[in-house]
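Next, two complexes with subunit A in common: one pairs it with subunit B, the other with subunit C.
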Partner chain A sequence: MKSEVMVGNKAVAYAVKLARANLIAAYPITPQTTIVEYLSEFVASGELPAEFVTVEGEITAQLVCLSGSIAGARAFTATSGEGLLYMSHALHHTARYWAPVVMAVANRSVRTMQPDHTDLLAQRETGWIQLYCENNQEVLDTGIMAYKIAEDDRVRLPVAFALDGYVLSFTAEPVSIPEQEKVDGFLKPFKSKYPVLPETWDAELEEYKKHWQQGKGINEPFTPFAGDENFSHLTMVSWGKGHDLQWRWRAHQEAMMRAKKVIKEVDEEYGRLFGRSYGGLLEEYRCEDAEAVIVVMGTLASTSRVAVDNLRKQGKRVGLVKLKSYRPFPSEEMQDIAKRVKAIGVIDRNISLGEGGIVYGSIRSALYDQVEKPKVLGYYAGLAGREVRVRDIENATEKTLKAIGSGVMDSTATWIGG
Partner chain B sequence: MIEIRFHGRGGQGAVTAVKILASAIHLEGKFTQAIPMYGTERRGAPVVAFCRIDDKRIRERDLVHEPDIVVVLDPLLNRSVDVTEGLKAGGLVIVNYPGNIKDTGLAGNFKVAAVDATKIALDVIGRPITNTAILGAFAKVTGLVKLESLAEAVNGELPSRIIASNVETMKRAYEATTAPANASGFRKTDVVKRASTQPLISYSRVVSDWRISHPVIDKNACVGCKRCWVYCPETAISLVDGKAEINYDYCKGCGICNEECLVGAIKMEREEV
Partner chain C sequence: MSKKMSIRDLRKEEVMWPGNPACQGCGGSIIGRLIFKALGRNSARVEVASCAPGFMNIRVPSFFGPAFEGAAAFMTGLARGYKIIGREDIVVAGLIGDGGTADIGFQGLSGAAERNENVFWFTYDNEAYMNTGGQRSSATPEFASTSTTPVAKMSRGKTSEKKNVPMILALHHVPYVATASVAYPEDLTAKIVYGKELRGFRYMHINSPCPTGWGTDPKDTIKIARLAVESGLWPLYEILDGRHFKLTYKPRELKPVSETLKIQGRFRHLKDEEIASIQKATTENWSRLLAIDGKDIF
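For the complex of A and B:
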């Protein structure tokens, strides 16, 4: 297997190339820009046979990917921070059309150029699957897995995978590049199940007429393709007739929940074939016999492994939970962990102003039904790119450990590093 | 794990240096990490970059605060940046410096090795880009990486037309670098942190200590076309009596005026160290 020292953005480009994406549309924004620069070089040199569409903004980038995807293309885009916010409304459309577009997000705080996760977490209601990475190898592997997850017939939802801007996007480290043949064996060519093409248009319109002739109204699912009730197949025809009502949200939610199983399966298969897997929805590190665990996403997981190792050397029973998938959220897995530990410290590299850490809130919500609940402490770290050092994580972990058996729970989160 | 911090100025190639170094080390089978410190730098402004070397995959994601080795790509940088800050006791500094090793202005409980990287780069590449020269010195002094590995790693990082000259630069610097000397008895230069060291908008900020060379105008040859005045990124040029005149407080020595002058009235001269 070939190994090369590369930055995170190049790892993304390699993933897209190995996945044989054939439609790329993106608009430049730091720290994402070099992803599509590397890809444009692959396309220009003929290494990646793909349509490279230069667009005038992120909304168009997303809509090009959406329309290309429903016509049968394996589409890719990438963005960061403000670019992602500008793309936001198009993200909803990609999800509602069941278009398995894959997007890389080089996280960028929307207040500086430096990273935090608020940009992508602010898109958590768009119906996209969200996966977070801790090193460049995981970035490459996740990029390939993302297509397999997105295109699975039980899911058919777009996937965003995130790498912390700067910390991964511009940091170079050794990355193993899988062989193309092996990736081809893992990821079959994409075939849109119901491509929206001019030649199928009339047939669909006929189905739609029948729907009404049968006395069904706009509140009834329109499923023109028998045997596929899970997916209310949506085309321009039905959309144009105002067919976008509550049952579609329901179908979408059901697909999102099915994705939990698919993400785990894909991760396991990838592990079997390539020797690297990432725990599915989340990964536990030294959690066996742990009394306290910390929960983090992205590169904080990498730093946290060092912190956990240091504290373990001192005989402290602590572990790390790396949350890989935020959407869908691994509630069951967190409940299982909560049964085994006495305290959980959640370090958020994000904030929902007016409430608090987003992951903190999700975890506390997931644990509400537990009769025996561990203490859940919240921390903020690394917002707007503030550097997070190993000792910062050690302090937070030790504080979490000390909270065990200390009376009333305080839900006020602690700011690490001011 | 060995941690290295590179200090340079925007344009000297510190970021490329750590990338080449990391690739070369990985060619020898070790794990590495190359971290550039991006901000709103511009040509001439002080920049830092980091490299880590280990036998196993590196998990640390913070910056390097207590380096084992410090590499300085610019001879005057230590007058405005405390380049040895946090350096481990008994550590090593490799500095681009043309004079006697005692006079680098670096002193303390560490060793110093020096090489005139600017001269070698100017002689071989024709530009004062000192990253590959300093890497040659790094290979010689530390023994952490082979010169051949660095030469191979350059292939992936630089455009093909400048690879040969950069490999030659590395070799010359490798040969020119002598064994490091103990710096505990040397004289230390005062670090004066000036506003000009901050990578902010240039206008009205003194940038004179960023230069390694400065432009000199031949008033007889100058035709007063204002071309240099248009192109100067620091607005350091004005027209006096129909001839270009440079305010050296605001000149960072980028040489754009020299490149743009159509009548050859501007020459660049190496700054005294």
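For the complex of A and C:
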């Protein structure tokens, strides 16, 4: 296994190359751009045999990946901030067609070019799996795992994996590059379940006719192929001629929930083969006997590890929960943690204006049915790229710790750094 | 250049399933059938929001792209995907309305044409958003009354000219650009048979009368389309490599535009001077085309 000092964007490109993605479509936006520049170099040099589509905008990038994936390509795209927002409605369609596209998001605030997570978290209802990364090694590993998760027959959903813009995208760190042979063993070549092919079309229409003859119509899942009961055939029954297509949302939700198990399995398998794993949906750091934990996503985890270490030296029983998967959301894991600790501090690098921190809300919702609930405090930090120091995290962690035993809870989140 | 065909040369194989829920006299339905008869069944049909996904019971694999602006992207993705799986023999054909072509899909169309994607784009142009009730598009001709350019005290219908998409595509220097009409199926088929064998981006723009939206008698669909060609309102031509221009049908003498305008409800309000202005523009355009016929343009 060789190692190289590389920026996060190059780690993404290596992941895509090692996964042997063969359809890449992307449009430039800072801080994502160099991902596709590295990839175009791989393609130009012949190291990565792929169709490289230099599109004229992000919507096209996403839709090329969607239809290419349907035809049988392992598709990749990458974007950031405004580019992601421009792509937004296409994201819904990729997910609803069960197209296992993988996308890297170099997070960019919509207020500056600097990072926060509001761009990708604003897409949480699109039906994509969302994985957040802490460092460049995790970026590379997650990029490879993303395809395995997306293409799993129990899931078949697109996966977005995120790296904080600038903080990772343009910062170099040593990264181990797995051997191609081992990655090939881990990730088998992709084959589309429902390619739109002339030779199978009549047979599919015949099946569809039977579906109607059975009195089922458009309002019920159409699953013509044995062993595929969880998924409906979507290429032709793909739009709302009928009115009641609620079952599609249900099927999608069920696939999302199955993905929790798959993400954990894939992470474990990756750990066995490559010696690195990330705790599945979330990672606990020094939480064993912790009274208070803080929850963060992305690069804030590295800062938080130092803060937790410092406080531990002072004898304070604190820990860190690094949330890797925001969609699907690890409610059960959070409930398990909540049983063990007395206070949770959630640091959001995002905001849902008019309500508050998005992760904060998700965690409080996950814990609502617990009989014994810990205190849950909210913090905002690092929005629009605002610098977050170790001291800031220490303060938040200590404040969380002090909340234990205090009677009245204030659910107003605290702004760190103004 | 396409070779002349007779109506007897049209393929016998039927591509439609029985039944058609389109409006009576729908030009688009006839066009869809003609296109896929000519292309054959080894093709894939890309559609975005338009009347087409609703009425086209065509026995060719359909990929309905739910993003209105995404026709070019869906076609690109399918073509590249087929290349990856070694199925470049499948013709990727888009059956797209004028809105999905000239308005919301225009950026993607231009991008795909510039990249010279290996696809065949068919625009069936009914000159407004007929699927949503006849709102004006940029392909709507000047003075036409539509549901968003209604004729009233302060309005004489659409105020601007029709966007000339085939000529814009020709300036992209794509291998093949053609216009066609539902009233000339031999010409339309001959152009598809020719274009099908080419590689790269191919574009065909087809006049598709819409009785519901144009306020015409369903029985007059072919008549109106024929009069449009014979009056020079809808010239039939093809452009190879964005350069070699050829008119594929030249009426000996142009009929007056009033013959076709007067049987369309959307032009019923036209005053004589407005008809005269359309006549003048049409005649001038026709003489410009005659001047470049058979020559290299640009």
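Note that in this section the second predicted complex is superposed on the first by the 408 of 418 C-alpha atoms of A that agree within 3 Å, B and C clash if a C-alpha of one lies under 4 Å from a C-alpha of the other, contacts with A are read in each partner's own complex, and residues count from 1 in each chain.
By our rule, a residue touches a chain if its C-beta (ideal position, glycine included) is under 8 Å from a C-beta of that chain, and two chains touch if they have at least 3 such contacts.
Everything quoted here is computed from the prediction, not taken from an experiment.
Asks: Once both complexes are superposed via subunit A, do subunit B and subunit C end up clashing or fitting?
Replies: The answer is fit.
Asks: For the overlaid complexes, name the partner, subunit B or subunit C, with more touching residues on subunit A.
Replies: The partner making contact with more of subunit A's residues is C.
Asks: Could you tell me if A:T54 is touching subunit B, subunit C, both of them or neither one (first, second, both, neither)?
Replies: So A:T54 only meets subunit C here.
Asks: Tell me the contact category for A:S69 with respect to subunit B and subunit C: first, second, both or neither.
Replies: It touches subunit C, and subunit B stays clear.
Asks: Using the touch definition from the top, say if A:E265 reaches subunit B (first), subunit C (second), both or neither.
Replies: Touch partners of A:E265: none, neither subunit B nor subunit C.
Asks: Considering only touches as defined above, state whether A:D202 meets subunit B (first), subunit C (second), both or neither.
Replies: Touch status of A:D202: second partner only.
Asks: Which partner does A:R305 reach: the first (subunit B), the second (subunit C), both, or neither?
Replies: first
Asks: Scan A:S3 for contacts with subunit B and subunit C and give back first, second, both or neither.
Replies: first
Asks: Figure out whether A:V167 sits in contact with subunit B (first) or subunit C (second), or with both, or with neither.
Replies: The first partner, subunit B, only.
Asks: After the superposition, what is the least C-alpha distance between subunit B and subunit C in whole angstrom?
Replies: So the smallest C-alpha to C-alpha spacing between these two chains is 29 Å.
Asks: Taking the touch rule as given, give the residues of subunit C at its contact with subunit A in the complex, in rising order.
Replies: 41-44, 46, 53-54, 59-67, 69-70, 72-78, 80-85, 87, 90, 107-108, 110-111, 114-115
Asks: Of all residues in subunit B, which touch subunit A in the complex?
Replies: 18-19, 22-23, 26, 31-36, 38, 57-63, 65, 156
Asks: Please output the residues of subunit A touching subunit B within their complex, sorted ascending.
Replies: Per the stated touch rule, the residues are 3-5, 31, 135, 166-167, 170-174, 299-300, 302-303, 305-306, 387-390.
Asks: State the interface residues of subunit A toward subunit C in the complex, per the touch definition above.
Replies: 22-23, 25, 51, 53-57, 59-73, 75, 89-90, 93, 96, 192, 195-198, 201-202, 205, 235-236, 238-239, 241
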